[in-house]
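When the chains are written out, they are named A, B, C and D in that same order, and each has its own residue count from 1.
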Amino acid sequence: MFKITIGSTTLEFKSIHVLIWNEFIHEQTTPAVAEIYPEGIHTAIAEGLRPYNFHIRTATLEQPQHGLTNEILSQTDVLIWWGHTAHDQVSDEVVERVYQRVLNGMGLIVLHSGHFSKIFKKLMGTSCDLKWREANEKQRLWVVDPAHPIASGVGQYIELEEEEMYGEFFDVPAPDQLVFISWFEGGEVFRSGCAYHRRQGKIFYFQPGHEIHPTYYNKEIIRVIANAVNWAASPFGATPTFGYTEPHEGIGEM
Amino acid sequence: MFKITIGSTTLEFKSIHVLIWNEFIHEQTTPAVAEIYPEGIHTAIAEGLRPYNFHIRTATLEQPQHGLTNEILSQTDVLIWWGHTAHDQVSDEVVERVYQRVLNGMGLIVLHSGHFSKIFKKLMGTSCDLKWREANEKQRLWVVDPAHPIASGVGQYIELEEEEMYGEFFDVPAPDQLVFISWFEGGEVFRSGCAYHRRQGKIFYFQPGHEIHPTYYNKEIIRVIANAVNWAASPFGATPTFGYTEPHEGIGEM
Amino acid sequence: MFKITIGSTTLEFKSIHVLIWNEFIHEQTTPAVAEIYPEGIHTAIAEGLRPYNFHIRTATLEQPQHGLTNEILSQTDVLIWWGHTAHDQVSDEVVERVYQRVLNGMGLIVLHSGHFSKIFKKLMGTSCDLKWREANEKQRLWVVDPAHPIASGVGQYIELEEEEMYGEFFDVPAPDQLVFISWFEGGEVFRSGCAYHRRQGKIFYFQPGHEIHPTYYNKEIIRVIANAVNWAASPFGATPTFGYTEPHEGIGEM
Amino acid sequence: MFKITIGSTTLEFKSIHVLIWNEFIHEQTTPAVAEIYPEGIHTAIAEGLRPYNFHIRTATLEQPQHGLTNEILSQTDVLIWWGHTAHDQVSDEVVERVYQRVLNGMGLIVLHSGHFSKIFKKLMGTSCDLKWREANEKQRLWVVDPAHPIASGVGQYIELEEEEMYGEFFDVPAPDQLVFISWFEGGEVFRSGCAYHRRQGKIFYFQPGHEIHPTYYNKEIIRVIANAVNWAASPFGATPTFGYTEPHEGIGEM
């Protein structure tokens, strides 16, 4: 954070604090994945986001508390989540902690196979199940809400030469805002960019990013993630109060 | 309408009154269309809907007031609309009349090229523009809201061997409920089944049905239209009152 | 179920199977509640719904499996839920069972203090917390979606002389459809009628019904519950398939 | 616009260009209004917004083309609209121009009696009618979407000692995002903060601001308008293309 004073105006700059969480397993156990993401998906995303002037940290499953301590989460504006094979190894205590932070205003961007993470399922209230196929097929993400800041800088669509297919029905609540719908070569469609408000928190599910494809080196995909960070970190209203409340007006006097 | 009394219970049956409106021009001027719909698209849809026990009438552009008199509209529960080449020939007075009926509870099902009709544009408040291509390509309509009554009786998707492509961005307000998303062979997607509430009226836009394809002979497509009729004709709340209103409570006494 | 044949037409009538669940504790432990609902809130609601020709059963917490066995749930089209003081005593196994039934198409109507039930919180993915006050104050439920079937037969609003206040912020996802907003004498508002789709299931949260007020004897309140039953029991689409899926189109051939 | 370079980083600052439009009639014809807003509502709002570092201009009905020329509109990021008694005097040509700019990304904030402006009705597709009462009654605007940037800096609610009552049913499409619901002393509620996306444009309807009350001197009300400006001016996606489009994939080859 730094300030600039010009005449009587002071501008304050606070970087958005982004935490990229990755289970970081495929990259260490599957050579084909290691070849694409030798330092992990989290590192590739962090590199991609470098031009966007965020304050970036990463965390992985193997760290104590998965790197998601109260202290770190309290310093995080937006959490990006990639997981796949080890959803069950994420401790319920940490999930509850992340959940409370989201309800209290931390942004959450769930990527690809993160659809089956405990935290996403808990926040959605549904199974988050879907159809899938690993066939290295072409995908095209069409913008269906051009007013949305998450679509900024993107053309009519983003094309990916090879991706895993995720197909409807995607078992999530109807998104508050649907930003992308995908076309897959094999014949399916998918709601690939889904935005939600939950209490003070903003959540964006973004579907591309199978570990055997170099999707997170794609500048348009990174652009969308950066947009989603800015959107999810945007200011929000006061913390709601709950429970017993005194009347504001006289009762029985009217 | 008829009643059945069994013991002390009387059941009342009121058929839903459906009016199918068609500009009915292509069928009379283009041999290829006449071959598919010799008696008009409206007649084909009416035939298709026969098993659903609606009370069905049709109307066309060439009739006085386009067959959309106050009397007929007041007897109509759900209006189905197909137009394409003659949107401008529909009189503004009739459009205003239909508009008022929709706001006052008449259901409206807008088919295919009806997206550019005056009535649909007026109700949407947007241009309703889209991308298109006539290439006899394959289309697959995926159900993305399996709780919706309009999807009843449909499987995971409906496949059409040949249709005109309608592609995103579709310039309509985000639908209140999105029931179908389409995949097109040429690479596009489309929000093909869009449900809206407007005051007391229910509106469903359903994309398939280009005049040179036998889409309205497809039993699944007809099934969706029948479902949409039932949905759009479902009961609704009281007519809102507007304007000056007396206070319900004492003011300045609290 | 019964059939009527008139000429060549056979009409089939299947009653909607409604199960009214009540924890049934206040009525047995608090004299003031017992006075209002001597046979339990569930019985009062069942009585109220009698004219609507549903097939009605009731179940309570104290029954084996809380009366929510697989068999009973599989025969239930719509489950109505009232609970307050004993949410924690509802077994997680039963909650999971109800949850699966909702996702697979059973309607769920959650009443009043049921906002804090395990099943509602699980389906919403949020805390479902709110502000409250027991001050016997006046409430007025305004219809804000007059196209909605749940508002059928209701005027501009429903007035209740005395109710518990539930106030915003109500920590639920923005409803797919918001049907009622309440005014409370003490100065608060509340989204009192919230409709949601979750996979094949429909959910309606309806706020009035504190145990010390005779709200469930109010014919308009019962009318709304009956409307919600009809809405939640309306037909829905096919059961989604999930998991690996073969391509519909050749891949890599284009 | 100005740039600041610090080491290798250059920060670019582009002020948001806000145009405040006011019909400016009541202030010149009604002494009670002139007393509150001697230089017009537009000037009061402009003053209020001064601390927010926007680039602000104003325009009024009496100016040539109502001050809404192509040139000025093309330089405007967000248009704020206040009108009441002279909606009909706004030329259709200007309305069409504003409409096109909104669809192409200009933000629009419609205040109070602007609900009946031609531009708002055209964009909504409904009558935008409502209930009203001038009784100097108390209003309380409750935040119902605390994740929304428009609620930033506001507490649980905003209280106004005296305002005109606007009551439901408000004949607009269900908002894409509902930010405020109002309580009125006389017994009504109102959806007072309604956010919409229309193609590339963002629209916010904000209900308070009757001309005989000093509402636009209230710092919280101004704060909401400033938030809405920032939200409506936020980046958006590419301009959609419409019309005939070549296939992206081979057709008939699969």
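List of remarks:
Please note the rule applied: a contact is a pair of C-beta atoms (placed from the backbone, for glycine too) under 8 Å apart; a residue touches a chain by one contact, two chains touch by 3 or more.
The UniProt protein names, listed by chain, are A, B, C, D = ThuA domain-containing protein.
Quantities reported herein were computed from a predicted structural model and do not represent experimental measurements.
Simply put, chain C must spin 180° to overlay its Cα atoms on chain D, rounded in steps of 5. Taken over every residue number at the interface, the positions common to chain A and chain C amount to over half, indicating a same-residue contact. Comparing mean CA positions across the assembly, the chain most remote from chain D is C. Chain C and chain D have Cα centroids lying 37 Å from one another. Separating the centre of chain B from that of chain C, both taken as means of CA atoms, is a distance of 30 Å.
Residue positions 138, 140, 143, 145-146, 156, 167-169, 174, 176-177, 185, 187-188, 197-199, 240-241, 248-249, 254 of chain C each touch two or more of the other chains. Contact topology of the protein chains: fully connected, every pair of chains touching. Those residues of chain D that touch chain B in the shared complex are 103, 122-127, 129-133, 135-138, 165, 167-169, 171, 173-174, 176, 185-188, 196-199, 240-249, 251-252, 254.
By the touch rule above, chain A contacts chain D in their complex via residues 2, 4, 9, 11, 13, 53, 105, 138, 140, 143, 145-149, 151-156, 159, 176-177, 185, 197-202, 227, 234-241, 248-249.
Those residues of chain D lying in contact with chain C across their complex are 140, 142-146, 156, 167-170, 174, 177-178, 181-184, 187-189, 191, 249-250, 253-254.
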